[in-house]
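Same chain, two partners: chain A is paired with chain B first, then with chain C.
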Partner chain A sequence: MLYAIQSLPFLWKGLLITLEVSALVVFLSLIAGVILGVGIVYGPRWLYWPIRIYSDFLRGIPLLVLIFFIYYALPLIGLNFTNIMSVVVALSAFESAHIIEVVRGAIQSIHRGQNEAAKAIGLRFTQRLLYVIAPQAIRRFLPPWINAVVDTVKGSALVSLVGIVDLTLAIQQVIGRTYVPMPLYILGAIMYFVINYILSSASRVLEARFAYIRE
Partner chain B sequence: MGASSSSLVVQIRGLRKSFGVNRVLDGVDLDVRKGEVVVVIGPSGSGKTTLLRCINLLETYDEGSIQVDGVEVGFHDAPGGVRQPRGDRELSHIRADIGMVFQLFNLFPHLTARENVMLGLRKVRGLHVAEAKRIAEQWLTRVGLADKFDSLPSHLSGGQQQRVGIARAVAMDPKVLLLDEITSALDPELVGEVLTVVQELAKDGMTMIVVTHEMTFARDVATRILFMDGGRIQIQGTPREVLSATGHERLKAFLARIEMMHH
Partner chain C sequence: MTYHLNYDFIWRHFSKLSWGLVLSLELAFVSILIGMAIGLSLALAYTGGRGFVRRAVAGYVEFIRNVPLLLLVYLVFYGVPSVGGFAYDATESFVITLSVYAGATMVEVFRAGLAAVPRGLIDAGKAIGLTGWQRLIWVRLPTMFRIVLPSLSNAFVSLFKDTSLASVIAVPELTYGAQWINTNSFRVIEVWSVVAPMYLVTGYVLLFLLQRLERRFTVH
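Presenting the complex of A and B:
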């Protein structure tokens, strides 16, 4: 137990890496996923298949393979990423593929008549999206998106595989030195749980905030 | 009624449209003058709703021309005399002057009654909040919803929702108002309150094109009735001329079916 307490500052550094990677990935994947998701619903026909293939392909391969591909294979064709960036890129691409589907589903769940009514009063495309579609779609977007964020936090543990000392690797290194695995694994689990519990609680608050539509 | 071309609000020539192999509009010509209330009747699949939806380009058309206040709705002339489909920005300008009320109301469920009416005034007409609010409240009061400004659509009855839908359309001060079977989704006891509002608008000189199955209403409100069948206008005339239906078999059959449904 003492070891666990003594190792806290070290674990804290690992936790910060986990949070930094997660935040970066959540931000990048949200931007990419929303733009591509809107593109697949409303974009021109030539845009549909590239996005479709991107989304299906990335959702169809294991995340670990994607990380190793970017970290080990891309340098062979001259694309070098630092170890942390290769994981951020891999995770962002992977999550954005999921967000594309969430955005698509959220938009398509809204009755066609909403877009028509918005057109009929003369709103332009971006206005229709901003004032009519998005405020309704966000309610369906939030729950699966928060799930994706939780997955990202957990998935960020994979950075330890390319030698970055995040929370997971920090725990393993402390165990390697002290040979007392149990308290440290429990401590690590609690830390991950607290982060994700905060996220899912925030999600419930947000869902209630956007629950203005009677089904 | 003055018949000068300046009072022409809608002019449709040779309008054709197909969904796949199914031709829904097969050469429609129609002139609607300022202040006219044109009621379109006909069996389902006759093309009447599609005609209405082409006028503000919720449906594109394949051939022919629709002009609203002298402006071609679907196309602009590109160099070389080719017709090009209009872009989103141009279309939005045109649509802002064409009001539409929908069968299923299509109110924005996340906005209150007042916000529903204000949205177009603010974002399309560019009015300040205070002015948009004043106009929205004025119209909601006129349709009998002075006590419902802050209600969300989900807290309103069907008839009330449809009256908000009408207020939302007329608040934009449209050159023509399109009404697409606006009472079809209502319980029978709520139909009257909506039609009363439309009759008042007609009295005030609003130019309207109305698709409906309510024959009594059609008779009362129409300056002209069109009977559509097979994607064409088969007969048109005053309510008395059309509804007495002498000598047109398909119109007679249609009116008999409607009559049966209502008794």
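Presenting the complex of A and C:
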């Protein structure tokens, strides 16, 4: 128990790396996911299949395999990233594939009549998207997106396997020196739990808040 | 580019990968069976239980779902034996972890399934004089299973992908086989370009087969 308390400053550094990686991935995957998600719904036919394959491919392989794959494949095509950058690329690619589906679901859940009515009053495509579809779709988008953020924080634990000292590897290193695993694993689990529980509670609150929208 | 792809070593040791894939499927299968047993009993306890039972079940689900699986794998493999004074091998430890993890998902699935059983069916069961247990076994559970089948298939494929984490505690499944080839040949790109499609194809074939199975049980 004493070890667990003494190691707190070190774990704090690891936690910051976990949060940094997660924040970066959440940001990048949101941008990529929304662009590709809008593309898959409204884009032309030649755009549909590449995005569908991208999404189905990335969601079909384990995140761990993807991280290793990208970690070793990027240098091969001449991109010498730092290890943090390459796992950020891997995690963002993985999460953006999930966000594509969330965006697609959110947009398609809005009744077609909304789009047709907007067309009837003469709004252009960007206006329809920004003023009619987006304000409604965002309520369907937020709860599952926050769940994707929780998955990102959980998934970021895998970066410890390519040698980045995040919270998980920090815990492993402290255990490697002290040989008392249990208190530290529990401490680590609590730290992850607190972050993710706050997020998933927010998701539930929003879901209940927006439950009144039916069609 | 001066790098030349060379798959010789991988084909020579392909049995590491093929048997790894079999073990991955076995791990996922055993875990979902145990997970379903945990999930069903806790979902029933939750649905019929008092405040205390409900809070305990909700606590289990929330804890498991908000902690990374990797940390749970470490915790069960390194942590638990260190305080319990006993030992189990890596495969057993991973099956326990993945079952407990699957159990948390299954509780949610079965709970939603039980809640979705139409009220009229249960009332009809009452009307023909079935007892509470009879209603559970002959009315609520069969109806619930039909409702949750799609979620079960998705959960199974998802667990199959999660078995890749067993490689960190040296369970010789597919990802571990890939890493074994890596350390012995350094043909890293080649290995992952074989293993990723193996996961991908197996996952989608499983989903396809399970969806055909679902169709046989659907009632129109």
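Worth pointing out:
The rule is simple: the second predicted complex is superposed on the first by the 204 of 215 C-alpha atoms of A that agree within 3 Å, B and C clash if a C-alpha of one lies under 4 Å from a C-alpha of the other, contacts with A are read in each partner's own complex, and residues count from 1 in each chain.
Simple rule for what comes next: contacts are C-beta pairs under 8 Å (C-beta built on N, C-alpha and C of every residue); 3 or more make two chains touch, one makes a residue touch a chain.
All figures in this text were calculated on a predicted structure; none of them were measured in a lab.
In the overlay built on the shared chain, the residue A:Pro135 is in contact with chain B alone; chain C does not reach it. Touch criterion met: A:Gly60 reaches chain C, while chain B stays clear of it. In the superposition on chain A, contact is made by A:Arg124 with chain B only, not with chain C. In the superposed model, A:Leu76 makes contact with chain C only, not with chain B.
When the two structures are aligned on the shared chain, A:Tyr197 is found in touch with chain C, with no touch to chain B. Touch criterion met: A:Gly113 reaches chain B, while chain C stays clear of it.
After superposition on the shared chain, chain A has more residues touched by C, the comparison being chain B against chain C.
Looking at the shared chain after the overlay, A:Ser160 reaches chain C, while chain B stays out of its contact range. Of all residues in chain B, those touching chain A in their complex are 56, 58, 88-89, 91-93, 95-100, 102, 104, 106-110, 119-120, 123-124, 152, 154, 168-169, 172.
Chain A meets chain C in the complex at residues 56-57, 60-66, 68-69, 72-73, 76, 78, 150, 153-158, 160-161, 168, 171-172, 175, 180-182, 185-186, 188-189, 192-193, 196-197, 200. Those residues of chain C lying in contact with chain A across their complex are 1, 3, 62-63, 65-72, 74-75, 78-80, 82-83, 161-165, 167-168, 175, 178, 188-189, 192-193, 195-196, 199-200, 203-204. Interface of chain A with chain B (complex): residues 111, 113-114, 116-125, 127, 131-132, 135-136, 212-214.
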